[in-house]
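The following pair of complexes shares a single chain, chain A, combined with chain B in the former and chain C in the latter.
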Partner chain A sequence: MYNFNLFFIFPYLDSLQWAIWNTLQISVTATFLSIIFGVLMALVRLSNYKYLRLCGVCYVEVVRNMPMVVLLYLIFFGLPSFGIVLSGYISGLTALTMNSTAFMTEIFRSGFMAVSKGQFEAARAQGMTNTQLYRFIILPQVFRISYASLGNQIIGVIMGSSIMMIATIEEVTAWMFNTGSINFRYFEVFFVGGLVYFVLCQTVNLVRNALGKIIFKTAAAGGPW
Partner chain B sequence: MKNYILKLSSMIAASALVIATSAAFAEQRDILKEVTDRGVIHIATASDVPPYSTLGANGELQGFDIDMGKMIAAELGVKPEFSIVDGPGRITALQTGKADIVIQDFTANFKRSQSVSFTDPYVVVGMVFFTLAKRTEIKTLDDLNKESMKIGFGRGGSQETLVPAAAPKASIVKFAGMADTMEALDSGRIDATAIDNIAAAGFYAGNPGKYKELPGRYSREDIAIGVPKGDFQWWLLINSWVRDFNLSGKNDALYKKWFNAERPKIFEVY
Partner chain C sequence: MILIDYSFLLIRGLGITLWISWVALLLAALIGALIGLGRTSKRWSIRFLTGVYAEFFRSIPVLVTLFFVYYGLTLLTGINLSTFVAATIALALEGSAMMSEVVRGGLQSIAKGQREAALSTGMKAWQVELFIVWPQAIRVMIPPAVGVYVSTLKASSLASVIGYVELTKTGLLIRESVRGHSGSLLILVVIATIYVIINFAISRLGAMLEERNNFVN
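For the complex of A and B:
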C-alpha cells in the first residue's frame, strides 16, 4: 500500500531552489552560446569553400547522431586520459552547447536558405558591405523564420540539462535522486521534479509566444492560443 | 487564453485522478503465494560492487549476493530471476512489486525502514575512505577534512549522510554510481572516496597496489536483505532464512569463498 503524500517533500524545497537555479544557469548559458555558434556554423555550412563546408557537415552529423550522454561521458571521463581535466560545470556546458549547436546549425541553415537569393544580389548592387547585408537584412529575416524552432530547441536544452547530473552538477534531476535516496519517497520526488520541468518549459513557451507577438507583430509566430 | 487554461487544468485533473486511483487500488499482497504460483522469485541486485555482485565475462551475474539469492530460490523451490537496479531503483522495485527481495549491499536503518522492510543482517561493515596510493600527502581523515579536498561517491547510498558527518569541511561530489566514482578517482578529479570496507577490499583486490585505505572505520552498518513493506509473512520467511544462514555455517562458508577472510561476529555482545 503506497501512501502518496507530498508532505515529505517540504523539508527539501530549499535545496530544490538551488537545483532550479543550477538548471536555469546551465540551460541559459548553453542556449546563448549555441545560438551564436549555430549561426556561425550555419554560415560555415553555406560557404563557398568546399573543405570548410565539409567541416561543418562533419560536425553536425557526428554530434547530432550521438546521444548527449555519450558526448558527456567522452568529455568528462574520456578527456582526462589525454591529460585534459575539465571541471564538472565546464564539461557539462561544453557537451550541452556542442549538442545544441548542431541542432541550431540546422535551424539557422534552413532559415538562411529560405531567404531569397535576390536579396543578396540587391544588397550587393546597392553597394552594401557584407556586414551591413547580414546585420540589417538577412539575420532579422532568418530570426523570424526560425523563431518557432528556436523556442523548441530551448526546451530541448532544458531537457538535456537533466543529464548533467553525471558531470556532478547538482541540478533538478540530481535533486530528485538525492532527495529520494534520503527519504525514499521516490514517487513524490519524481512527481515534483517532473512538475518543475513542466513549469520551466511552459514558461519558456509562454515567453516565446508573448515575445513573438511583440517583436513580429503577427500571429504567425504565436503558439496554441 | 481561456482554451489554454481549460487544457492545462484538465491535464492536471487527469493526472491527479490517475494517481489517486492507483493508490486506492494497492492492496495487501501475499508475496509467498505469488512467488510459488509464478515459480520464479524476482531478485534485484547491483552489478558494479565486487565481490557482492559483478557482471562476469559471459554476461552472468556472480558474487556473494547472487549466491545468496540462488540459495533462497532453491529453498523455496523456485527459479531465481535477477534484475540489475541502482540506488533509487532498488527501493522503487520493492515498492512497485517488481522485485520480491533486494540483495544489494543494502544498509538497514530506521529511516529507510519506514518505506521498506529489512531482515536481520547477514554481514556487518564499516565505511572506510580510500585514495590513490600515490597520494602520499593524504594519510588520515584529517588530511581530507579540508575545503580543498574533494570526496566523491555514488548517489543513493548511506555515504550521503555519513561522509559529510565524518569530514564536514571537505567538498562532496556526487556521481551516478560507483563505476563513475572510481573513474573519477583514477583521473584525479576527486581526492578520495568512501564505501563499506568489504566493497573497498573488492576494489583493492582487483587493482593490487593502486589504492590505499585511510585508517578508521566511520560507521557500523548492518547489511540486510530488503523486502517490500506490508507483507509480514514474507518478511518472517526471508528473515528466518537469514537466521538459519547465519547460524548454520552457510554464511561462514560463503563469506570465506567471496571475501577470503573469516567471518566476523555480527551481533554485538552487550
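For the complex of A and C:
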C-alpha cells in the first residue's frame, strides 16, 4: 500500500516557489498580450475589407483547431529551419499567446457584434473621432459583455501554461515531473501541483466574480443591462 | 518525397488519434452524464460533490491529469498501466467534467412544465426522464458535445508526452529519422494541417447540427 506523506515534498518547496512564479509570469504575460492582440484581431475579423476579414478567419480557425503542443513544436522545432532560433521561454510564450489570441478574438468579436449598431451611429453623430468612439463608447461595452468569457479564457491560459514544460520552462508541471523523477513520490508531488493549479484557477474565478460585482454593480455575467 | 514514404505511418497515427479520443469521449459521456445528473439533483450534498468533481477537473491541466494517471495510479495500485490506458483515462476524466456541464445545460434547457405535465399524466419518475426529458435534452446536448470531442481530440496530442505513439508522436518520430533533411519542417506542418482539417470538419459538423436543431425548434 502506498504511504502518503507530504513530508517528502518539503525539500522541494523552494523550487516549487520558483515554479509557481514562472507559471504566473508566463500566464500573466500571455493573457495581457493576447487581450491586446485579441481586440485587434477582432477588429480585423469585423473589418470592411474582405481579404482582411478572410485573414482573420483563417488565423482563428487554424490556431483554434490546432493542438497547442503542435503549435509549440512548430515554433520550437520548425522555425530554426528558417534560421530563426528562439529561446524556450520565447517560443513557449509565443505559442501560448498565439493560441490564446485565437480564442480572445472570438470572445471580443462576439462582444463587438453584441454592441448595437445604433451606438456607433449615435457616437459618430455626436462628432466623436474614431479613437473617442472606441475608447469611450464601444470598448467599455465590449469589455462588459466579454467579461465572463474573459475569465474562462484566463483559466484556459493558466491550464495551457502546463504545456510550456515541453519548451523547457520550469513551471509547475515541469516541477512536478522533475521532482517526481528525483524522489519517486509521484503521488505527493501531483497532489501539491494539482492543488496549485486548482487554487490558481479558482482564485481567478473568485476574483472575477468579486470584481464583476464591483465594476458592473451586478452579477459577474455580462449581458443585457 | 518523405511524405509518400511515411504516408502509411501518418494515416495510422491519425487513426490512433481518432480512436483514442473517441474511446475517451464515450467514457467521458458516460461519467459526464452521471455527474451532470448529480448536478441537477434535488439533494444539495449530491449537487455539492458532483460540483466539486467538475470544478476540480476543470481547473487541472490535462497534462497534470495525464502524469498523475500514468505515474501516480501505477504507484498507488501497483498495476502497470499502458500508455494507451493511462491516456484514455486521463482524457476521459478531463472530458467528463466538460460533459457534465453539457448534460446539465441540456437537462436545464427542458422547461419545467414538461416534467410537471408528464408527472400529472401519471408517468413514473423514470418514465418522465427516459421518454420525455432525455430525448429532448439530447438534441440540445449534441452540438456542445461535438465541441467536447474537438477539445478531447486536441488534448489527445498530449499523450505524445508520455510516449504514446499517436499522430503528434508519429510526426516527431518521423522528424527524428529525417533529421537534417529539409522534410523536418515539412512533417510538422503536415501534422498541424491534418489536425486543423479534422478538427475544422468536426466543428463544422457540430455547427450544422446546431443549425438544423434551431430550424426544428
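We adopt the following convention: the second predicted complex is superposed on the first by the 219 of 225 C-alpha atoms of A that agree within 3 Å, B and C clash if a C-alpha of one lies under 4 Å from a C-alpha of the other, contacts with A are read in each partner's own complex, and residues count from 1 in each chain.
Just so we're on the same page, a contact is a pair of C-beta atoms (placed from the backbone, for glycine too) under 8 Å apart; a residue touches a chain by one contact, two chains touch by 3 or more.
Note that this is a predicted model, so its numbers are computed, not measured.
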item: Combined model on chain A where chain B meets chain C, clash or fit; value: clash
item: Touching partner for A:193 - first (chain B), second (chain C), both, neither; value: second
item: Touching partner for A:166 - first (chain B), second (chain C), both, neither; value: both
item: If touched residues of chain A are counted for chain B and for chain C, the larger one; value: C
item: Chain B versus chain C as contact partner of A:81, first or second or both or neither; value: both
item: First, second, both or neither for A:71, with chain B first and chain C second; value: second
item: First, second, both or neither for A:62, with chain B first and chain C second; value: second
item: Touching partner for A:21 - first (chain B), second (chain C), both, neither; value: neither
item: First (chain B), second (chain C), both or neither touched by A:155; value: second
item: First (chain B), second (chain C), both or neither touched by A:180; value: both
item: First (chain B), second (chain C), both or neither touched by A:32; value: neither
item: Chain B collision site on chain C, chosen from 3-11, 75-83, 111-119 or 129-137, when both complexes are overlaid on chain A; value: 75-83
item: Set intersection of chain A contacts, chain C complex versus chain B complex; value: 2, 77, 81, 165-166, 177, 180, 184, 186-187
item: Chain C residues within the chain A interface of the complex; value: 55-56, 58-64, 67-68, 71-72, 75-76, 150, 154-155, 157-158, 160-161, 168, 171-172, 175, 182, 184-185, 188-189, 191-192, 195-196, 198-200, 203
item: Contact footprint of chain C on chain A as seen in their complex; value: 2, 61-62, 64-71, 73-74, 77-78, 81, 155, 159-163, 165-166, 173, 176-177, 180, 184, 186-187, 190, 193-194, 197-198, 200-202, 205
item: Chain A - residues contacting chain B, complex; value: 1-4, 77, 80-81, 85, 88, 165-166, 168, 170, 174, 177-178, 180-187, 191, 224-225
item: Residues of chain B defined as touching chain A within the complex; value: 1, 3-4, 7, 19, 23, 26-28, 87-88, 91-92, 95, 111-112, 114-116, 152, 155-157, 160-161, 173-176, 180, 183-184, 187-189, 230
